[in-house]
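The structures considered in this document are given below.
Here subunit A shows up in two complexes: once beside subunit B, once beside subunit C.
Up next is the complex of A and B:
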């Protein structure tokens, strides 16, 4: 391999590819980025065997070929290069990649490209397209509700359902559930299809997406879920298994419904969350809906107590209920809506939170018995 | 105690005072901030027994008194309060401090003010005044060269010498030494006086100082070094002992002297520093001065090697020498000068770095035998 590239292009590709490098890679080769020079392009590939990422940048190719560089070390170097043309040449004898710039020369020990894992063949059966900015919103609204607990892998994923007339994203850790629906005609689909995307993969993808109306394609096979943009290809293995029927837990009626301002409710819950229950080890917030007020209460033997009243429009019965404060805050923060509708099904039944302005999103959380 | 205050003033005082709170306080009371309401002011005091800090802010005092609040918890709360008038009232019976705002009420368990350590009486024998922005520059240029090793406490401090015609700051960890002199007439002083300020205290002070020409007064006694600004009083115990005679290590002659651009030298050393020597466990950079070039070389069995040439104006002999890369980077970064003069006394003797534009600063570092 022999190429000339701007510093900028080397940094760009290395930064994207290294997002797939795990700090606990089981094999040394997985700490590497496979660089391939061909057809006026340098391609960067990295994988941790679960996630795989590929991107490319224009360079001057003097000799085609490929080489595997240690990802973090290579990134540290290219970031510190001077802002000028960098010449890269690999020497198969010494296994060195030589970077030259001006009168300087940097030699990097490389890894064996033959050991680099075969990159997934990622042509899906069918492809959905949505906007990057919308996918970011969905990931923000849904992925946080997935579990971190590897003991039950199903719940560490976000269920994606593609149906003839919609896309649906659902995540739950069994204590709470977030669901977002997108109305979209999918003429290729006759029967709804489901897959489970690791939430971790979505959170990595989130950092690569742009806050713009640029398209991203989602392609699904039994073994890979792949996201294509103009800038990169990102692939992950789906979580195997059947996602539980989340519809069963969604209540059909409510005893009490309130409308409340997020800008008043969120800071009050955040203040209440500062009081850690000695019993539970996390913060429990007690909500009482009475007349046209929601009262937020919380207390801790060590620290103190709080009592706040927030105006709320009520429909139905008065109610008293307790929630994990963290679960409430997660939802209120990620919804980014001015006004919330909260439905209560009883003091031991689930609560449902929806942004008033957006009926396609729903967050359900179970109360705490106190 | 009974006061009314803006949220802003509570946050301001708490943020400054909590800088003295250690995460490993040996006594629970040291996790507290002593609030004292008197004469239209709320005073915030905190100490970890080594450092002490005091600041005050204007409030409406309805009833004088004092209370000790848990620092981190109180800061978390006041930061999240709504932007309105906050009423604070302490109840000596329940030992609660009650914050009320709008229809809300926050009760905080407090600590016993009688247990709060007596605050140092901080009227010094004599007082120096310099500008905050200048003191920041001095701390940045000198404090990093002090040692972190508590085994030799003397070297964890910055020596301050006050002489009739100058102030002098020196720090060394015995591998390198940084020295900054300020020409200043000190008519009160007949004989030079020395004290040793803990570098840790200076680094905390650094964060409180403003990048402005505002004055800061330094007052020294045998037991306390105290810094006064309009906003706060900051006090630390000096390190006891006699600072070694640093002048002995300053060479009088050199074999070789170069002038070199920092913007070329620093990134080259930074790139070289990415190569960790397996023998030393840190990065060793080899410098060769030959003709009108400085050559930077570094290598690592695992990672690779680097070779760069940088133009330099030379006076005296050619020389080859090796340094700890970290020590070079620390100096070049903190000097913030465009051009450096480096003097070499031999390949086993100390090197001296000075900004060409500023003769009042000097950095000495010892070479590594390779």
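Up next is the complex of A and C:
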């Protein structure tokens, strides 16, 4: 392989590809990025066998070929190169990649490209298109509610349902649940299709997406879920299994509903959460809805106590309930809405939070028994 | 002299081991008894058959007792939902609660 490229293009491709390099890779080859020079392009591919990323940049190809470079090492090197044309040439005999810039030379040991895993076949049965900025918002609103517990793999994923008239994203760790629905006509689909995307993959994808109206295509097969953009291809294995019937846990009615400003509620909960009040380090906030205000209370034997009153519009009974402060903060931070509607189904029943401006989003959380 | 002192030491050690073994046996017996009691508590109906229940068929009574037992298991700190059944839970579970609520609803339904 022999190419000439700008430093910018090398940094760009390496930064994207190294996102799926795991620090605990089971095989040394998985610590590498496969560089392939062909047709005026340099393709960067990396995988940890669960996630796979591919991107390409335009370069001058003098001799086609491929080489595997150690990802972290290569990124640190190209980041520190001078802003000028860099010539890369691989030597199969010595297994070295020689970077030449000006009168200087940098040699890097490479790995055997034949050992690099074959990239997944990513032609899906269903392809959906959505705006990158919207997918980013959905990931931010939903993925945090998935579990981190590897013992229960099903709950570490986000369920994606593609139906003829909507897309639906649901995540739950069994204590809370986040759901976002997008009204969208999907003429290709006759029956709803479900798949479970690992939340970890979505969080990595989130970092690659742009805050722009650019399209991203989602392609689904039984073994891979692939996201295509102009800049990269991102593929992940779905979590196998049937997602639990989340509809059963959604309450049909409520005892009390309040409308409240997020700008007042979120800081009050954050202040209250400073008082750690359980052995596990969780902070419990007690909410009391009386007349037309909500009281936020928290106390810790060691640290002290807090009591704040926030105006709220109430409909239904008065209620007293306690929540894990972190679960409340996670939701309020990710909604980015000025006003929230919170529905309470009883002091031991789940609470539902919805942004007033966006009825397609729902966050459900269980109270804490105190 | 040396041999007799070694034998005496060994006798003391054996006596100590015997005491430890006795204590372990007593512990095992206590645990077995407790286990038996807990099993009885778990699998026996918690309350005598109520007048309402006396109208129900044995199958219905059995299923009511089953739900109650699941309720006890949940209160003891175990998941009863299909995806996590039997796993220790640290917080309330949406799916277990939904299952219990559903069970309550089906028990309360008129025939």
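Operating definition for what follows: the second predicted complex is superposed on the first by the 367 of 370 C-alpha atoms of A that agree within 3 Å, B and C clash if a C-alpha of one lies under 4 Å from a C-alpha of the other, contacts with A are read in each partner's own complex, and residues count from 1 in each chain.
Heads up, the rule we're going with is that contacts are C-beta pairs under 8 Å (C-beta built on N, C-alpha and C of every residue); 3 or more make two chains touch, one makes a residue touch a chain.
Computed from a predicted model, the values in this text were never measured in an experiment.
Trainee: Is A:274 touching anything from subunit B or subunit C once the two structures are fitted on A? First, second, both or neither.
Mentor: Touch partner of A:274: subunit B, not subunit C.
Trainee: May I ask you to decide whether A:62 touches subunit B, subunit C, both, or neither, giving the answer as first, second, both or neither?
Mentor: Neither: A:62 stays clear of subunit B and subunit C.
Trainee: Scan A:109 for contacts with subunit B and subunit C and give back first, second, both or neither.
Mentor: Touch partner of A:109: subunit B, not subunit C.
Trainee: Name the contact category of A:244: first (subunit B only), second (subunit C only), both, or neither.
Mentor: The answer is second: A:244 touches subunit C but not subunit B.
Trainee: Touch test for A:175: subunit B only (first), subunit C only (second), both, or neither?
Mentor: second
Trainee: Contacts for A:306 in the overlay, against subunit B (first) and subunit C (second): which applies, first, second, both or neither?
Mentor: first
Trainee: Who wins on subunit A residues touched, subunit B or subunit C?
Mentor: Counted on subunit A, the partner with more touching residues turns out to be B.
Trainee: After the superposition on A, what does A:154 contact: first (subunit B), second (subunit C), both or neither?
Mentor: Second partner only, subunit C.
Trainee: Give the list of subunit C residues in touch with subunit A in this complex.
Mentor: Answer in residue numbers: 81-84, 87, 90-95, 97-98, 102.
Trainee: Touching subunit C in the complex: which residues of subunit A?
Mentor: That would be residues 151-152, 154-155, 172, 174-177, 244, 248-249, 280, 324, 350, 364, 366-369 of subunit A.
Trainee: Residue numbers of subunit B touching subunit A in their complex, please.
Mentor: Residue positions touching the partner: 70, 73, 76-77, 80-82, 96, 102-109, 267-268, 270-271, 274, 302-309.
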